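One structure is given here, and the rest of the page talks about it.
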Amino acid sequence: MSTTFTKSMARNIFYGGSVFFFLLFIALTVDTTHALPKRDNSQNITPEVARGKKIWETNNCIGCHTLLGEGAYFAPELGNVYKRRGGDNGGAEFIKGWIKAQPTGIPGRRQMPNFHLTDQELDDVVAFLKYVSEINTEKWPPNIEG
Amino acid sequence: MQYKSQAVAKPYFIAAIGLFIGQIVFGLVMGLQYVVGDFLFPAIPFNIARMVHTNLLIVWLLFGFMGSAYYLIPEETENELYSPKLAIITFWIFLVAGALTVVGYLFVPYSTLAEWTGNNILATMGREFLEQPLITKVGIVIVALSFLFNICMTLLKGRKTSISLVLVLGLVGLAVFFLFSFYNPTNLVLDKYYWWWVVHLWVEGVWELILGAILAFVLIKVTGVDREVIEKWLYVIVTMTLITGILGTGHHYYWIGAPEYWQWWGSVFSALEPIPFFMMTIFAFNMVNRRRREHPNKAAVLWALGTGVLAFLGAGVWGFLHTLAPVNYYTHGTQMTASHGHLAFYGAYVCVVITMISYAMPILRGRAANSNKAQVVEMWSFWLMSVSIVFITLFLTAAGIVQVWLQRYSDAPMAFMAVQDKAAIFYWMREGAGVIFLIGLLTYVASFFIKGETKAAA
Amino acid sequence: MTAEAKNQHEGLPGDFAIWIFILAEMLAFGVLFVAYAFARAHDVALFNASQETLNRTSGAINTLVLITSSYFVARGVDAIKRDLSRDCAWWLGATWLLGAVFIAIKSAEFHEKFSAGITLSTNSFYMFYLALTFFHFMHVLMGMIILAVVIVKARRGGYGSRDHAGVETAASFWHMVDLLWIILFPLIYVIR
Amino acid sequence: MNANFPTLIWLALVALTLTTYAIGASDMTGSGAMLTVLFIALVKGQMVANYFMGLRHVAPGWRLLILGWFLIVGGLIALAYKLT
């Protein structure tokens, strides 16, 4: 007799297989949730960082930049910009200076709008970018250029 | 058209193509901004154009999916749609909400838009693809609920076929996973972890169910092959989709702070993700070769086969190029990702929606297929768009390789902007291909207005 | 690829759909086995050291349990081919029980490891050990669900010598679970 | 195939498993032990596939597929161990 191949069996395997792998995905999610606190730098989340994230979102920075490699590819990766621009000695000043100095107005060059951030908001954005730069991303990006 | 209420699909298809044109226009604006940095600055900065481009893509595909569902569910369940009126109301709510959102993006500074639209109550804005204001997100949920209610009530009353079952599973999955867009924790790693539940589990999960169901429906109609065979293979393909795609989410968890084991799980299962696309291509060609009738709508058959091939190429091959962790370590966040994105979205989802539109539109207008002259123009549009998107993908892959070579892989990495200047030649060529794509799209629209002798209605 | 795989010999036992699933699972496990081997090549000392902490005896017992259960399910298929529906249900029941024994032994092993604070993130060896055995563990559970459905139907005489595709489908899946463990046991517990 | 042929197969499998266990328990290391254990796994796999799974009287293509899987996976594992 030749092999049977019924739609009902295909349907049962569809239900069984998807539920099976979704449960597996949930199991891995649970394990990830337990393992995260040791590596996601969440202990350094301060109110400044929270405000900084809100400023990052409400000005749609992800529309041009990438953060940990995810976002738009028009402007540099900012996940490690704090370290790239000097870290604890000079990183903050560089970033704040850069944001205030925009747009450069050089013809033909990519332009970043000026978001008219107050000094407190600038400190918050720097706090957020510092927090992001200390997340354990398995040594990504490959180098400081990001 | 067997059921009057299938006519509800027509406005959805028209709106879909209209928004598609808008998406491409803004794509061209961005393509130029890549090489002429201050083009349209400060009126339309790059990030605004990008939001409009990506949001229009998703909205017009959703219009396409809903139109396809409104067309095929009555025919599959063999009874009239539960409430055509509700479908039209939903259509206008969704269109107005979408239009208002785009107008808001273009004419209101994003931070002000956030102030006005309740982002302080629940902050959900400012994340890629999910930039919509809170009220728009709530609007999308309302539209989705009324749509699903309408479809499910029709399904409950009528014949339950595997195609309508898989389609509705995909649509319900789409609605459920969209709810994760309301979850935006301060912890960036958690934010990104569940952000991928919206994005990945959409396009590499439930959307593939919708893709499979629509393709299977069109293939039954144009090839006349026995429904039992087609639905059997549909189940096998969507099974492979979910068993590889669900754990395949891991290939987004390499570098965002999640534990290291995701590099193994994500790589292994996402490496298997091209299999369902390969099976879909074999399935499409096999069904067309074993067709038992010569359907007059040759263009729709071409689109269906194109869907299989280009989905496998874009989502399968180009996805596999940079899915393995050791490779992704260098290509993550470069133009390589953008090249995969373009061909995958076009090959899998744009093509299947246009396949459905090409199949259904003539019938909605009272004839089995457009005239041969119109179909020739439509086939020209298929080749113009498909070839130009492949070239866009090739040029972005080249730019990605330049970027990886100079900025990521070398011992003396160059700064981001310097590398972008080095890749400018490819961005210019990509823009050229983009213009040809727009020409192809306009050709597609023109094909609907070309007269000529037509076959009788199916 | 014709839907009915016409070949001069007998067709594949059970439903062709399960065979697509079996081949996909074997592909996934095969890739994971090879990944384990090459990951070990990078850090042999760590793998050997961590491997010592495994309970090789319980692994061996589990191998015997699965092989015996594979034998029982083969006898079950043999029985249904001779219209012995009740015997088939009995053999499959025995298979199911051995599956439960495997689950019990494996759960004890997992419990011992978890209470020792070992998780997927402890080190590369434990990641592979826990991931592979848990992935296989879930397959045993799934096999037991499929078997349970078939047992219930077999006890009601739902299968006969002419129509027993369901029994062969469940049997093929169960044999796959055994096949995977036949590689997994030596790879993870023995070879060093 | 008389009634207790599967039983013979089963006993052989048990014996092979105990052999693998014995190798593991002993402190035999190095490629000799590894190749032996892998070979045993291959033999056990073929026995289960051909006799228990019933692939013996199925089209040769499927049997070659299963054998091929064992050879490729076993071969790559052996290769990986050779590299160390």
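Letters A, B, C and D mark the chains as written, and numbering starts fresh at 1 in each.
Operating definition for what follows: contacts are C-beta pairs under 8 Å (C-beta built on N, C-alpha and C of every residue); 3 or more make two chains touch, one makes a residue touch a chain.
Every value quoted in this text rests on a predicted model; they were computed, and no experiment measured them.
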Leading chain pair when contacts are tallied as C-beta pairs: A-B
Chain B and chain D, separation of their C-alpha mean positions in angstrom: 46
Intercentroid distance (Cα basis), chain D paired with chain C, Å: 15
Separation of mean Cα positions, chain C and chain B [Å, integer]: 38
Where chain B touches two or more other chains at once, by residue number: 232, 235-236, 239, 243, 259-261, 265
Junction residues of chain A - those touching two or more other chains: 5-6, 10, 13, 17, 20, 24, 28, 31, 35
Where chain C touches two or more other chains, by residue: 3, 5, 7, 10-12, 17, 19, 21, 120-121
Pairwise touch network: line, ring, star, complete, or other: other
Pairwise chain contacts, counting only pairs that touch as defined: A-B, A-C, B-C, C-D
Touch list for chain C against partner chain A, complex: 3-7, 10-12, 14-19, 21, 119-121, 134-135, 138, 142, 145-146, 165, 169
Chain C partner contacts - residues on chain A that touch it in the complex: 1-6, 9-10, 13, 16-17, 20, 23-24, 27-28, 31, 34-35
Chain B residues touching chain A - in the complex, by the definition given at the top: 30, 33-34, 36-38, 41-42, 45-48, 50-51, 110-111, 114, 119, 123, 125-128, 131, 162, 184, 186-190, 192-193, 228, 231-232, 235-236, 238-239, 242-243, 246-247, 249-250, 252-263, 265, 329-330, 332-335, 337-338, 407-409, 413-417, 420
Residues of chain C that touch chain D when the two form their complex: 5, 7-13, 19, 23, 26, 30, 33-34, 37-38, 40-41, 44, 56-57, 60, 63-64, 67-68, 70-71, 73-75, 77-78, 168, 171-172, 175, 178-179, 182-183, 185-187, 189-192
Interface residues, chain A side, partner chain B - complex: 5-7, 10-11, 13-14, 17-18, 20-22, 24-25, 28-29, 31-32, 35-36, 39-42, 45, 49-50, 53-54, 56-64, 66-77, 103, 105, 107-111, 113, 115, 131-132, 135-138, 140-146
